[in-house]
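Naming follows writing order (A, B and C), and every chain is counted from residue 1.
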Amino acid sequence: MKVAVLIKQVPDTTAKVGITSGSVDEGAISKWSISPYDEYALESALSLQSGSGATVVAITLGPERSSKSLIDAAAVGADELLHVVHDGGLGSLSLQKALSEAVTRVGAEVVLVGKQAADTNSGSTGPGVAKMLNYSCVGLVSRIEAGSDGFEATRSTPSGMERVSVKLPCVFAFDKGDVELRRPNVRGIMMAKKKPIEKISLADLGVDNTGEGVSTTSVDYPPEKPEGQRFEGADAAAEVAVKLREEANVI
Amino acid sequence: MSTTIIAEQQEEGIHPTLPQLVHAASIIGGECTIIIPGGGGESEASEIVGVDRVLKFNGSCFSVFDSQSWSSALKGSVGGTVLLASTPRGRELGASLAADIGISVVQDITSISEGINVERPVFSGKAIEKVTISSPAVITIRPNSLDPAGNGASAPVSTIDSGEDLRMAVEEAITKASEKIDVSEADIIISGGRGLGDISNFEKLEEVASTLGAAVGASRAVVDEWGLPHSMQVGQTGKTVTPSLYIAVGISGAIQHLAGMRSSSYIVAINKDPEAPIFTVADYGIVASWEDALPVLHDSIKALP
Amino acid sequence: MGYEALDFYDVDSLLTDEERMIRDAVRDWVDESVIPKIENACREGVFLDEWRQDIGSMGILGAPLKGYGCPGLSYTAYGVICRELERGDSGIRSFASVQGSLAMYPIWDFGSEEQKEKYLPGMATGELIGCFGLTEPDYGSNPGDMVTKATEDGDGFVLNGAKMWITNGTIADLAIVWAKLDGVIRGFIVEKGDPGFSAPEMKGKHSLKASVTSELVFQDCRIPKDRILPGVKGLRGPFSCLNNARFGISWGAIGSAQACYDSAKSYALSRIQFDHPIAAYQLVQNKLAWMLREITKGQLLAYHLGKKKDAGEWIPEHISLAKMNNVDIALEIARVSRDIHGANGILDEYPVMRHMANLESVKTYEGTHDIHNLILGRHITGIQAFTKGA
């Protein structure tokens, strides 16, 4: 069985994101990492590898620097590495098309992906790729287990969790699971260095990056928070509750 | 341009963001259709001002949330710009639909104006992306970003039967054990300090936490003195947290505590000492005894629509 | 917020990709598994066994050694590992230094084939812990005068004497013990459980509290013949081990200094006195700028020494200079950082006092600061000044 894990390289969640003239200053980002939810997808893929002998293919799409995330994946055990090299913007359809072609190319019946990437915060890739491949799709997954003719996945629902069974081929979009992520050791790191990375372009996959009627006009810092507000007396708590909903939009 | 809104069902009926989505549709303009996958709440939907018609979908596939079969079932009836709430399910279904129809998807927007111009937080809120949408697309809207449209209309409701098959089966529903959320994972944290007076008062925080789906944290002083688990401790030697909301109850705000929570997006402080340093970082500071203020806060939160 | 390693001159960009990956792996481990637990471990005076297991499974023990299950990394990588570990705590770095440079290295360099095969693979994974017994109660800076003695007795050796200040002693499965056989210093492998051998822990330390320090006591301790290290005689044996450990310390001290700088910087920015963050005052800025300056110089020193080690173009005096300088500035940085933290600086909520107390040991062990001065003095003048001329 081949398992594809789609991983995206994003600024580390601890890194400062600087913006100059309407776009993110990528050169100033101090640390790039595999997007956190993708790490859970990778971890699950690796447990399928040790549990049922699956071959794990890590796939990324992004500029040259993203190869590092494939090497990181190899350091913890990914078997094969595929890099779709593309620098610059890409519409959601072209992106999903490229990744689904990449999955077809490696011949994976199971695709694991994070529920959303930490940079764009979208969460469209898993379900979109599934649709393009005509694979089933289970989102918000915290664990999967291979069954006799398919998989069982635990996913969260608005009221709790549920375990669903699904046949292959399937895409699973991962939420955080209560698993411990394996950490690379020296042996893994040394081996990862030797692992070949197959690099291909969008054109190799037959995807052209055409405009899709959606364009980013600028990226800015979020508006400064207003000065702190002070309220006297317990009754003011009612007003604060409303402000938390309406001003801050956090509850 | 016309809009199609896909409503979301939840246990207590239709998701309360629906009138907000209709408001967004009115900004975009053109005819507005609401689709209700699986039905339920259609009369509620038809009363929202600005809705031209409501389509209720019946079919066995709607018994389980399955974005792939749902989008196959719905796509023939979807036209123009498609709006959903930016909930986990809304996003998943929105992404499937967009890929199915062959249009772009723009997720989790927090503002929308004519054009169509939208804004969405990216990099976990460290930046805001401004996007212009010039062709039909799927857009998901973060709940409570827009005012709701009013009530009092009566749009026609029709029913469509779908023969689409489900691609998965539920084997077991697992009701969430009232498992405690870890402070380092939580999006909302309510923490208590020495001002609570006694360890038993942490129960009051637990109650608010369960309403909000929040984690309960504590200052070092009470972790040490009252023997609370170290995993609850927020601060220099405890966890450094960055939730979207941090509620500090009876915490004076020693510099070590502030070091662990000052990067939270919003901070509410309840303390009876107006000079308490916690107020220097609070977005909403309530000078009152927690015994009085916390119940008011709790009740008011519960009373929010 | 999270720890940001000061690297003003971007010295780490000179590392290889693997060296940086190893750095990140160790750094993440320190963040997750050392920082949240270290204060408690210090209060209780314990080295957590999970640290041994984790360090072992990361595969970083005996970093620069090749073969027999050892990692075979560069000396620079070894330095980076020491730096990241010591950013957590000098005690954690001490564990790894002693295991790799002081216990694995002599077996690897001076041991028999059988000894290498028997011990090294298990030591590389942390399943077997080693310690290094050189110092004695009455012989510290001058180990050449040690009194621990080995005598040949039939098919084995009998050891008598005592070692003191031995890192990992009580938790060790084997000890590399330096003792005089017919007046010549030789290395012996003593295993836990050998008759006549005990390793009581020394208690009451104000420094390196999360590191085990022990006495090694030999009372007619009998070991088989094949436990002598065949490949070395004289002080060259222990000193070659110390060269490697000292090299690691020259990097490690930078880790402590970076941690103290990081804490001082964020504290100074958030502590308000006289209506302004104390970071806004010139005197405090001067302290921070001085730290930045010394750390940057220390980093360059350590990096360049790493390259020299890797190229095999070094003399022990190069290492003395780096060990002495970097520990010295780290200790001073810890003290200044403590000062910037005011009273909070003495609390275990901040890492600075712990680093400061640790570095007092680091200044003394592996050749005291002044012994390294004397080594350099002898190098410059050709005149040894360790002993008073007769």
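The rule is short, and it goes like this: a residue touches a chain if its C-beta (ideal position, glycine included) is under 8 Å from a C-beta of that chain, and two chains touch if they have at least 3 such contacts.
Computed from a predicted structure; not experimentally measured.
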Those chains which touch chain C and also touch chain A: B
Geometric centre: closest chain by C-alpha means: A
Leader among chain pairs (count of C-beta contacts): A-B
Cα-centroid distance, chain A relative to chain C, in whole angstrom: 40
Centre-to-centre distance between chain C and chain B (centres being mean Cα positions), rounded to whole Å: 51
Computed distance of Cα centres, chain B from chain A, in Å: 21
Shared interface positions of chain C, touching two or more other chains: 1-2
Multi-partner residues of chain A (each touching 2 or more other chains): none
Touching two or more other chains - residues of chain B: none
Complex interface listing, chain B residues touching chain C: 220, 230, 235-237, 240, 255-256, 258-259, 262-263
Interface residues, chain B side, partner chain A - complex: 10-11, 64-68, 71, 87-89, 91-96, 98-100, 102-108, 110, 117, 120-137, 142, 144-145, 167-176, 185, 188, 212, 244-245, 265-266, 268, 270, 279-289, 292-294, 296-297, 299-301, 303-304
Contacting residues of chain A [partner chain C, same complex]: 14, 30, 71-72, 75, 183-187, 189-190, 192-193
Residues of chain C that touch chain B when the two form their complex: 1-2, 39-40, 266-267, 270-271, 344, 347-350
Chain A-touching residues of chain C, taken from the complex the two chains share: 1-2, 4, 17-18, 21-22, 25, 28-29, 57-60, 63, 71, 73
